[in-house]
Amino acid sequence: ERNKYENNDVAGVVTGLAWTQVGGDILFIESILSKGKGVLSVTGNLGKVMKESATLALEYIKSNAAELKLDPSIFEKYNVHIHVPEGATPKDGPSAGITMLTSLVSLFTQRKVKKSIAMTGEITLRGKVLPVGGIKEKILAAKRAHIKEIIMCSENERDIKEINEDYLKGLTFHYVNDMSEVLAVALTNEKVKNAKEL
Amino acid sequence: ERNKYENNDVAGVVTGLAWTQVGGDILFIESILSKGKGVLSVTGNLGKVMKESATLALEYIKSNAAELKLDPSIFEKYNVHIHVPEGATPKDGPSAGITMLTSLVSLFTQRKVKKSIAMTGEITLRGKVLPVGGIKEKILAAKRAHIKEIIMCSENERDIKEINEDYLKGLTFHYVNDMSEVLAVALTNEKVKNAKEL
Amino acid sequence: ERNKYENNDVAGVVTGLAWTQVGGDILFIESILSKGKGVLSVTGNLGKVMKESATLALEYIKSNAAELKLDPSIFEKYNVHIHVPEGATPKDGPSAGITMLTSLVSLFTQRKVKKSIAMTGEITLRGKVLPVGGIKEKILAAKRAHIKEIIMCSENERDIKEINEDYLKGLTFHYVNDMSEVLAVALTNEKVKNAKEL
Amino acid sequence: ERNKYENNDVAGVVTGLAWTQVGGDILFIESILSKGKGVLSVTGNLGKVMKESATLALEYIKSNAAELKLDPSIFEKYNVHIHVPEGATPKDGPSAGITMLTSLVSLFTQRKVKKSIAMTGEITLRGKVLPVGGIKEKILAAKRAHIKEIIMCSENERDIKEINEDYLKGLTFHYVNDMSEVLAVALTNEKVKNAKEL
Amino acid sequence: ERNKYENNDVAGVVTGLAWTQVGGDILFIESILSKGKGVLSVTGNLGKVMKESATLALEYIKSNAAELKLDPSIFEKYNVHIHVPEGATPKDGPSAGITMLTSLVSLFTQRKVKKSIAMTGEITLRGKVLPVGGIKEKILAAKRAHIKEIIMCSENERDIKEINEDYLKGLTFHYVNDMSEVLAVALTNEKVKNAKEL
Amino acid sequence: ERNKYENNDVAGVVTGLAWTQVGGDILFIESILSKGKGVLSVTGNLGKVMKESATLALEYIKSNAAELKLDPSIFEKYNVHIHVPEGATPKDGPSAGITMLTSLVSLFTQRKVKKSIAMTGEITLRGKVLPVGGIKEKILAAKRAHIKEIIMCSENERDIKEINEDYLKGLTFHYVNDMSEVLAVALTNEKVKNAKEL
């Protein structure tokens, strides 16, 4: 499943870790821009809280356009659509926040996302990263999907310490407190192939 | 039932495979354009996820207008209406995604849809095709309706392999990973009769 | 009850056949135009699917304006209101589709509707007519209301064949596959008295 | 209670007959105009069907502006607000239709409503008056409120005939089939005091 | 609690009497203007009927601008916000109508509200005052809050007569039929301190 | 948890005290401005009453722009987004009112919020502060989070007096009646680092 995205030379596709009723799973956040007036739309059978994460992510980016070296006028010239595939599965909760934000920053900057990396964490309007639940199940899902690096909130480190070491082999953890750290780890400085001029 | 559509010299009518409470069934996706401002409307007693598929399909087309050789200005000059007949039956789920996208590309390009072909598969914003459920029941329904070719996700091939060969006689399967493959198989290069100038 | 409408020299009033919890019934579709911007509104305690039929009917007409000899600019200059009387009774289902479409075509062309005719059938965006349920009960209701001709989908002919011949005496059936056939039967070529100039 | 309205030298206040869970009752329809853009708003704890009656009434008036000697431009220059007092009581059903229409015609023409008259009846888009239920209870309520004349659909005459004559003493009934008859009976040709210039 | 408002040199704050599940209570209606386009917004955990009262109050004022000596253009230049404090308590029903209208007239005229006065009564679009329920409980609550004068509908006088005289000591009642009487009693002719120029 | 915000050199982040199903807790109100047209949006899995608090807070500020030395034109040039982190927890009730208002005033004035201070209290449209519930649980939560000063309504002082003195050690209480007092205590006169020019 993950291979579909592995070779992703496109911007805006990021792997997240989700906690569903049947255990942990990986999910993908996709986002695209189309000419428009700054409308944000979201699909993928998402609940209210997960939709709010998308709004938060976009607001954070708008508010930090300067730091992210983005021309603020692009927010008024494009519509943003975020999709989370596998529409048959209802999805909710705040833990896709950092994944959504990474997706959007990749999209707006056209920077390539690192390979074999996944992430889970709530985001705040100020760019803080908050801890989330279901860490053990998410780690197992990440391993099954051959993920190599994982980004999460530093307050989730204690959850990792409670997991049997054998399960953690081959995984590198990045503990973060701020979105800027997420972006520094997750995004390369390379532009995607055929990067769009925004 | 299918004969109604068989002779379809009009653009935008595509046969899908659905999985309903009473087993597999074929369904038809119809779409038309009318002069307007780019509004998408959807009818046919559809649930939230199936409506999202329509949005996804249109977003994908807008985002890939160049590859599809479409003038982006048409999206602002026409309204698009997608309908799934048999309003008495509630319909939902992501599996009509590739059918909807094929319908819209036929509509915008005025290319003829291949005869006796049906399809089922979820679509992502990036044009990936995802596997769906109910494959066995859908195949039986396709046979009853004299379908000859079926398009589905390559990950659904394993579902086909579990079906008794007798049921598969006379059917050709096209396993795909991307929407571009769906379109290459499903759409002819011939324009429909009385093709509209958009 | 029906006599109220029998002498209808006005455009847009058409008799349909409905299947309610207390058996078959006739219903009337009324529609009027008022100066406006192309807004469609619908009243009569209608459910979601019946409202969708109204949208479908109007979309079909817009898309086939040329064939119907309608100036497309009228759709932007008038609002359309469709009403189904007897507001105390909730109404739903797709079977009023052809009745609604006939009503709107009569309205836009100001052509007189044939006398003593009733109809039942689902409509698709492409103008196909689909079969509907409750045929026996609808026929009985039509007889009680002194209807003489009935239009329905050719696939509903098998339902008529299962009805005792005695019940069918005095009724003429028109079996159709396309909306164009419905209109050819149901609408006269005569304009209504005091026909509006649109 | 009724006395509050008896001396009504204002346009737009009309007495209706309602059938509630605690028996028949009289109700008042009030309407006012304010400078605006043609928006219709409705208050009074009304259900969906009763709100639709308000829409129907206004549409009928717009569509028959010429016959009612109304300048069509007024519909775009004023907002209309219809209120049904006694907000603690939920109200629904189609039977206030003719009362609402009479109220609005009084309002737009500034013609005085006849004294001591009440009415009940469903209205259609074409101005037909349909029969309604609860006639016996409504008559008793009208008598208690010293109503002298009552307007209803001619098909409700049979309900009146089933009522003991003693209850009907002092009441005059107007049986009608069309809205034009309602207006002829209910509205005087006198303008209200301080009639507005529209 | 009431003392917070007692010294109110601001316009738009009026004391109402409410009937809640735990007995009678006083409530405060606050309203403010801000530069805008005539939007009315309402907060305070209000139900549908209480929100309708706010709409009615504003419509009445617009329709009677001349009598109230208000320049009609102010309704388009300001937004109005009405709030009923104590958001933890859901509030509904029509009885705050006269309190809301008094609040808004105070606001638009910048006239001071009389001290130690409270009121309860439904309002109609034409400015009539209707009786409400829970009078005994409301009187007890008014006494506890050291209210001295109470305005209510003249039809509620019979409810007062059923209350033991001892409970009524120190209270003056104003029985009214029209909003104009409410305003005459409740509003002083003095402008509030720092009255706004509208 | 609180440390994330302790060092907050940014405007608009304020600590509140909440009463949840699992006892008292601290919560953070974040707010940011982005170029826009004065739209207020709110996220954080908030209920109706808590959303109303945000509206109230913004209305109060608009109405008191002069006193707060704010140029009224900024309200039309920026969108305001308020977020309450920890999206997995539903939040409701009026008690975050003063926290939201403090957050917005800090945002619009770019004044620094005092360190180690938390608050709880309902706000009214006129800037009064009302008492709230759950005081004991909130105090315990504040202590656990190393809060040093707490702002609440003077009517909540009686709740503090019922708490064992040992629990109150190290806490300073500010009892207030008006929002102006909240702001005087909670906001410093120092601008935040890199204060925005609005």
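Note that the chains take the letters A, B, C, D, E and F in the order they are written out, and that residue 1 is the start of every chain.
The definition used in the following text is that a contact is a pair of C-beta atoms (placed from the backbone, for glycine too) under 8 Å apart; a residue touches a chain by one contact, two chains touch by 3 or more.
Every value quoted in this text rests on a predicted model; they were computed, and no experiment measured them.
Within the contact network of the assembly, the step distance from chain A to chain F comes to 1. At the interface between chain D and chain E, under half of the residue numbers involved are used by both copies, so each side presents largely different positions.
Separating the CA-averaged centres of chain A and chain B is a span of 30 Å. Our note on geometry: chain B versus chain E, Cα centroid distance of 60 Å, whole angstroms. Once the centre of each chain is set as its mean CA position, chain B and chain F turn out to be 52 Å apart. For chain A, the set of residues that touch two or more other chains is empty. In terms of inter-chain touching, the protein chains here make up one closed cycle, each touching precisely two others. Order of chains round the closed ring, starting at chain A and going on to chain F, comes out as A, F, E, D, C, B. Residue ranges on chain C touching chain D, taken from their complex, read 1, 4-5, 10, 13, 28, 30-35, 41, 43-45, 81, 83, 85-88. Note for the complex: chain F touches chain E at residues 48-49, 52-53, 55-56, 59-60, 62-63, 72, 93-94, 97, 122, 124-126, 128, 130, 132-133, 155, 177.
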